[in-house]
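Common to both upcoming complexes is chain A, partnered first by chain B, then by chain C.
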Partner chain A sequence: MTRLFPWVALAVFASIPLWLHDPYLLNAFITTGIFIIAAMSLNLLLGYTGQLSLGHVAFFGIGAYTSALTSLGFDVELIGGLRVVHEPWPVWTGLVLGTLVAGLCGYIVGKLSFRVRGAYFVIVTISFAEVVRLVALNWVELTQGPLALTSIPPMTLGLPGLGYFDFYSKQSYFYLVLAIVVISYVIIRRLVYSRVGRAMVALKENESLAVSVGIDVTRYLVLAAVVSAGIAGAAGSLYAHYLKIIDPDVFLFLYTITMVIMVITGGKGTLAGPIVGGLIFGFIPVVARSFAAPEVQWILYGLFMILIVFVLPQGIVPAVENLFTARSKAEFPASPKAKIQDAP
Partner chain B sequence: MNAAQPIAARPALSIEHIAVHFGGLVAIADMNFVVNEGEVVSLIGPNGAGKTTAFNIITGFLRPSQGEVRYRGTPLTHLKPHQVAELGLVRTFQRTSVFQSVSVFENVMIGLHRRGRSRLWDTLLALPRERESENDLRAKAHEILEFVGIERRANELAGSLAYGEQRLLGVALALAAEPSMLLLDEPVSGMNATETARFMQLLGRLRKLGVTILLVEHDMPMVMGVSDRIVVLNYGRIIAEGPPAAIQGNPEVIRAYLGQGARKRAGD
Partner chain C sequence: MIEFLQHVINALILGSTYALLGIGLTLIFGIMRVVNFAHGELYAFGAYCVYLVSVLMGLNFFFSILVAILAGCLLGALIEVILLRPMRNADIDTTMLVMIGAMIVMQNGEQYIWGGVAKSVNTPFPEAPFVIGPFSVSSLSLFVFFAALLLIGVAYFLINRTKLGKAMRATFQDRDTASLMGINIQRIYMATFAIGSSLAAAAGALLGPVYVVSPLMGNIASLKAFAIVILGGLGSIGGATIGGFMLAFAEEIGAGYISSGYRDAMGFLIIIAVLLVKPTGLFARSERIG
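Let's look at the complex of A and B:
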């Protein structure tokens, strides 16, 4: 039953463009899907290694800018009169490069903060995001600054001689986003259910104990940062080629917060958590819009968030899982010992 | 865990002129002792004598102010804790010795980390080697839980185990890392008499497997029962060293530690 669930969910999502023709709702699914990818990447760091990256939007934005610039081309003069000219490349290379460059930045941040944990890790990531935002805002020659990069080409897939397929329609873009969601899910799932994932959980639970059995925690923290940043970069690339315009506002702290809300409410440290949380908080504005004024929409958003965190502090997915296991164990009540978890 | 017989006086771990200063405080002053292959050595002394500090030095959690620690000839003082573990020198902790919110079985699987053979690509692409490696690890995890005697608890949360069983799981976790030498930090504190007796049997079986053991413990009957040699620390200095019988009769040890405990009990 639980094994089948991801497949059922995939089938349902794959059927959406077949019966849903409202472009507004399809658009909501696409942008929500993009943020779900980003939230899934954040969950790998926050839910499994226990490190909160509050600058996660930096990787998203780096992926977006890298991908856009790869497909648009640029001509900049560096210090010392060195001129770098880049001719536009096929759009799909932007997706690949966006992922790789974001992953590389994840490596740098991971290495820089290899000794800091908890609050200090949070500060390093926030600072990194702010620095990147300022670069995007002020390096006008490369990024157009606040004027934004415009006319970003739509995503196309293909090779010379084999023909091209473009994702111009909303239906096709929906499937592209869904494909990246699935690929990210599979990558994260395989990592989490392996010795790599166990090493990450060990780092989260008790770092001293983890190193005492020979786990090189730094290595796994950096690995998690690289994979997480790379997936966030891919999401950013999808975002850039969907909106076809990006400005330094993609680095807004608000987007990081959105990702964190999706992960926490859905259930951090669970594979389905960011998807469930992402769908809920991606669609609250859409649903609320039909009956509420804009200010009221955000009040509802906030109330709903507080409600979930208050009632289900572990998140929605763990709560549902517990409900199921409690039912199947009803005939064999757990030993009373199991309840005294914090006994000294 | 190779089935090796104890070999006569071949040094496994040697502590050479180790000193630790925390600011002006001397935690350990010029400590020298050797643990031979296959031996069970206990480190005893009053609280604050430097026993846990010594453990932290040996396993790379703390750098000494001077001196060197060698394991089978390899200097350890510049290694990180996980590198020390890779050499086969594995410790347990006094308090939190298990991953609380993970199942007992998963705890041991985490401990088996070093034995996994799958590379990152095997994992990401789900290549056959990943499955083989995972199956091997699962089989080993069951073996270790059985060896320690908490097989029945495999699927329970580690944090929900009784205290004594948590200590056993801590040892299982350390064993999973394939130690040739174990450092146990007060393993039976908080255990009742039956559990302690069971633990002593476990130590006996470990010893038969050829695992060298360094023990920090306050439970004197147990220390006297399992140790080949005892090293006594007081105020960061070694005040005596020798077989249990000699230590029990050593006047300085009685004054500094054994007798002090007796006086305390009388005062209560």
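Let's look at the complex of A and C:
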């Protein structure tokens, strides 16, 4: 039953464009999907290594800008009169480059910021995101600054031997996003259930103990940061080519908070958590927009976040799992022998 | 050279309010181990109090600053009792999430109540600046500088010379031992958060009239306060004071000689650089928390 569940969920989601034709709802599904990818990547750091990275939007934005600039081309003069001209490349290379550049940034940021922990780590990551935002705002020659990068081409994919795909329609873009969600899920799942994942969990539970048994902390943390940043970059790239316009507001702290809320609501450190949390928070605006102004929606988000931390600190998915395991335990009571062994 | 000295004067005035902001945060961070993301919103709250009392209600400007400080104190105590007391034994990340929630609610509440348009506050001070030789300083800025210095002095007195301050310092050093000595930890925590909040509100009340009052002003203020605290070292009030002036100095020089667009980037670059080179802060005590 539990093994089948992801496949059932996938089949349900794959069928959505077949029966759902309302463009507004499809749009909500696509943007939600993009944020789910970002939230899944954040969950790798937040949930599995226990590092609260509040600068995650930087990787999302870097992916978006890299991808958009790759497909738009640019002409910049660097310090010292060095002129860099880039002709537009096919759009799919943008997705690849966006992922790679974001991953590279994840490597650099990880290398530097994992020297500190806890509150200090959080503040370094926020600072990084803010610096990147200010660069995007002020390097007008490259990014157009507050004027935004416009007419970003929609995603197209030319595969040798398989023909040429474009993702102009909402239906096709939905499948593209779904595919990336699945790929990210599989990557994260494989990572988490590997030796690396167990090392990460060990780090989260007790870092000193993990170090004492020979786990190379920084190496695993940086690896997590690279994978996480790369996936966030891919999400950013999808975002840029879907909206076809991005401005420095893509780096706002509020987007990081959206991802964090999704992860902690769904359940950090669970594979399904970000998906459940993402669906909830992706569709709250759809429901709430009829009666609430954006500010009020955000107030509700904030209250919801406080409430979740107070009531369900582990998130929804672990709570539901506990419910099921509690029930099955009631059906098969543990043997008295086991109980005696547990007693101190 | 004259231009440089003018920057120094501006930095001193800005730095005095930054120091207020930093002292408030370093108290909360150091004693309670809470990363107070709502600190910037309390700063904005102070500025809006001044706007409400002096512009909308038409009362005295100086009175409005006093109101802002007291209201900040009350709001801080309220936040502590409602949100932080039940979370007393939670880990630092959990309280951080709660404070982020509080930040979102407060910031959007301000936006909802006051609208997104920035407000300006008129003050009883003359528009014409003081001119001393080649330098010019507005009289409002001078008032802000001396008022902030006075408040910093009050904070020092409170921490170092009063019984409450002694209890706060004891709690900072060792919460459990302090509790064993008969200090009411709950009350100390509430007092710490209230004092920290009122200092943030005071900074907003003083700086709001210099610039404009807007719902987004708290965003950047929180991060600047973190920069100051990190520069000065956790829990060090002297460090936060010096850190405030250093950040203001870096911003002024950065804006004046590099690019005004990167003014706000200075704080973040300082955070990154300090944490990477000397993570305990420049003036940290031997003990480090976090």
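Definition applied: the second predicted complex is superposed on the first by the 304 of 344 C-alpha atoms of A that agree within 3 Å, B and C clash if a C-alpha of one lies under 4 Å from a C-alpha of the other, contacts with A are read in each partner's own complex, and residues count from 1 in each chain.
Basically, contacts are C-beta pairs under 8 Å (C-beta built on N, C-alpha and C of every residue); 3 or more make two chains touch, one makes a residue touch a chain.
This is a predicted model, so every value here is computed, not measured.
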>> Which partner chains sit in contact with A:Ser194 here, chain B, chain C, both or neither? Use first/second/both/neither.
In response: first
> chain B or chain C: which reaches more residues on chain A?
Replying inline: C
> Taking the superposition as given, does A:Arg115 touch the first partner, chain B, the second, chain C, both, or neither?
Replying inline: second
>> Tell me the contact category for A:Ile257 with respect to chain B and chain C: first, second, both or neither.
In response: second
>> Tell me the contact category for A:Ala202 with respect to chain B and chain C: first, second, both or neither.
In response: first
>> For A:Leu4, using the defined touch cut-off, is the partner it touches chain B, chain C, both, or neither? Pick first, second, both or neither.
In response: neither
> Touching A:Val213 in the superposition: chain B (first), chain C (second), both, neither?
Replying inline: first
> When the two structures are overlaid on chain A, which partner does A:Leu82 contact: first (chain B), second (chain C), both, or neither?
Replying inline: neither
> In the superposed view, which residues of chain A touch chain B and also chain C?
Replying inline: none
> In the complex formed with chain B, which residues of chain A make contact?
Replying inline: 187, 190-191, 194-196, 198-199, 201-202, 205-206, 208-217, 223, 337-343
> Which positions of chain B touch chain A when the two form their complex?
Replying inline: 59, 61, 80-82, 85-86, 90-93, 96-102, 106, 109-114, 116, 118, 120, 123-124, 126, 130, 133-134, 137, 156-157, 159-163, 173-174, 176-177
> Any idea which chain C residues touch chain A in the complex?
Replying inline: 29, 35, 83, 86-87, 90, 92-94, 96-98, 100-105, 107-109, 111-112, 219, 223, 226-227, 230, 259, 261-262, 264-265, 267-269, 271-272, 275-276, 279, 290
>> Which residues of chain A touch chain C once you look at their complex with the stated criterion?
In response: 50, 52, 112-113, 115-120, 122-124, 126-128, 130-131, 134-135, 137-138, 253-254, 257, 260, 264, 293, 295-296, 298-299, 301-306, 309-310, 313
